[in-house]
Amino acid sequence: MLGIKDEEFIRGKVPMTKEEVRVLSISKLRPEKNAIIYDIGAGTGSVSIEMALLDSSIVVYAIERNEEAISLMKANKEKFGCDNMHIVHACAPDGLDSLPSPTHVFIGGSQGRLEEILDCLYKKNASCKVVMNAITMESIAQTHHILSTLPVCEPDLVQVQVSRVKEVGRYHMMKANNPVYIVSFRFRESV
Amino acid sequence: MLGIKDEEFIRGKVPMTKEEVRVLSISKLRPEKNAIIYDIGAGTGSVSIEMALLDSSIVVYAIERNEEAISLMKANKEKFGCDNMHIVHACAPDGLDSLPSPTHVFIGGSQGRLEEILDCLYKKNASCKVVMNAITMESIAQTHHILSTLPVCEPDLVQVQVSRVKEVGRYHMMKANNPVYIVSFRFRESV
Amino acid sequence: MLGIKDEEFIRGKVPMTKEEVRVLSISKLRPEKNAIIYDIGAGTGSVSIEMALLDSSIVVYAIERNEEAISLMKANKEKFGCDNMHIVHACAPDGLDSLPSPTHVFIGGSQGRLEEILDCLYKKNASCKVVMNAITMESIAQTHHILSTLPVCEPDLVQVQVSRVKEVGRYHMMKANNPVYIVSFRFRESV
Amino acid sequence: MLGIKDEEFIRGKVPMTKEEVRVLSISKLRPEKNAIIYDIGAGTGSVSIEMALLDSSIVVYAIERNEEAISLMKANKEKFGCDNMHIVHACAPDGLDSLPSPTHVFIGGSQGRLEEILDCLYKKNASCKVVMNAITMESIAQTHHILSTLPVCEPDLVQVQVSRVKEVGRYHMMKANNPVYIVSFRFRESV
């Protein structure tokens, strides 16, 4: 069941996808039993762990290039006991070649290599499901470009803005999380 | 797996909880196997159906007073084949007496009877989990009152604002859904 | 003084910039006395009128191609008695040639001709102030492109999301307006 | 003309109303020439200064109880040369007795004394215009209560959520400001 609280993850200074965006991103990816999932730019591993815990038949590959994130991810993997989650220390698409073809891909960060990544994914499985988070104007603009030029179907693009009430002294303040665009699509084989 | 698209439900003019708010509300409720769930103000039944489909061991009671909504709900129940969902035509807390005690309760609408409903729920199970949606200033104000006066623990209050990109001619426009407050808590037995 | 209510304008089915976005757009444009302003894609003329009323020394050219909008604009111009507002029936940049050079430009809509319009404006006054509203993914992506490639300074880009409380029966509901990006910059003469 | 940038104000750790909320709050207050304005909970004085600069016939009383805020306000008053702005070191409604009756009141913060403040204002001028900002659940709930019980007319209640694009390395990120409710009304003499 989706819905792990942010506080349950071990966190450093590495940015982490927040509860609501994590839940919505995974629900839009909708991994089935036996899914093979890539989590590209996995950060602290929160999305990978939540997906790995959905079903023991699912296999998650968490790809991340940052050293500090990798060690947090290892700690989280151990804490949650996710044997079906594999950590790959690489900057995608580097490191994807040797992995089995994915059925579902979540892209939390792409380090400016989004086009290369999508090319690689398309070659590995021309019908895989992709969900991406975009938080910069650059990636929002690129996302729009991708949806209008790549062979995709079932496109879905939402912006999600969550404000959380927090106790501040004897008051409860609305604190805004940054808005996130969640982009979902399935590749379709072009003719 | 959470994430049924809004279009998959049979809809009339009855307002329906939208995909993202439905997914987040259920993920915050986190029903386990064998959960007994009330969906109060169930409307078209979209939340009930998505919960009933999570696991066949779950039992959902969908309580709704509106005739038109009831017949849409029946159609949706049949479409999705949810034998573990029971439709109760009543204005809660009326109709709750004869039902088994709930472990989890979702309140989508309360027809101005929220306090009565919460009283009734607390008597039936003083440790049940509750998630509510609030879209009016009245219910937002009342929610704040409830969280500060009732015996609750694990309170969580977020406002969610989703904008969805829709095709309009040859352009893609951002269309806002109305903001929804999602309130979650667990009752705790007072001493 | 800024802050005319939406209800004060004569409106048809032509989309109108809403109060809060109108006020913020004009406050970011900051027209001074004796300003010469273009309002491109002026629609019902609400932005033009609010600017014309700021000071009688300001001259506003409201450029609009849609016939229905033009007649609404004429009615609004008359209602508010704006002699310093001139209505130009054209699809910009058509129609701009014969107008005096602008000091300030508001672009509410550009009919897919944004690059042509900006080229034209830059030629007329290479230091004019520009404020644009973007509501489609196409214009958001284009805006990002413009800010990173054109010779601009003092860039400012905000997304504004307003929800207004409306009476619905005996309740007060939060109703969301669509999110709008407000982009502001000044041209700077390139070397 | 409204629209002073946040960076132009001298700021310490005292929270400041942000540009967009400041502009919208003042535009909803709509002070005319010769207005007598109270700015209650004036903080760094940004709202007071922007109102004082609108017209030299306007008189602004900036009421604030926090010492640090008072000294920042003095620095800002000097920087912007606002002779028509008077700083009152008090926790409103304390300190209001000796001031001339207001025509317009902005309430940025009320230190839990909102009802006392409104009572006092109503006695001083039973037709004055009031605009308030609410950022806590407590004040949102209270606001709703006020609008439904006090003798008010022309009520207007909006929630404003602004996200600003900021440069982060070579990217431009959307950074959310916290949502603010802006409440506006005019007292009407009850019979």
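Going by the order they are written in, the chains are A, B, C and D; count residues from 1 in each one.
Just so it is clear, contacts are C-beta pairs under 8 Å (C-beta built on N, C-alpha and C of every residue); 3 or more make two chains touch, one makes a residue touch a chain.
This structure is a prediction, so every number in the text was calculated from the model and none was measured.
Chemist: From subunit B, which chain is the farthest off, judged by mean CA positions?
Modeler: Here the answer is chain C, farthest from subunit B.
Chemist: Of the chain pairs C-D and A-D, which one is connected by the greater count of C-beta contacts?
Modeler: It is C-D, judged by the count of C-beta pairs in contact.
Chemist: From the mean C-alpha coordinate of subunit A to that of subunit D, what's the distance rounded to whole Å?
Modeler: 42
Chemist: Rounded to the nearest whole Å, what is the centre-to-centre distance of subunit C and subunit D, using the mean of the C-alpha atoms as each centre?
Modeler: 27
Chemist: Mind pulling the residue numbers of subunit B that touch at least two other chains?
Modeler: 137-138, 144, 157, 159, 161, 163, 165, 172, 174, 179
Chemist: Would you mind writing out the residues of subunit C in touch with subunit A in their complex?
Modeler: 137-138, 140-141, 144-145, 157, 159, 161, 179
Chemist: State the interface residues of subunit A toward subunit D in the complex, per the touch definition above.
Modeler: Residues in contact with subunit D: 135-139, 161, 163, 165, 168, 171-179.
Chemist: If you look only at subunit C, which of its residues touch subunit D in the complex?
Modeler: On the subunit C side, the touching residues are 1-3, 20, 23-24, 27-28, 30-32, 54, 144, 156-165, 172, 174.
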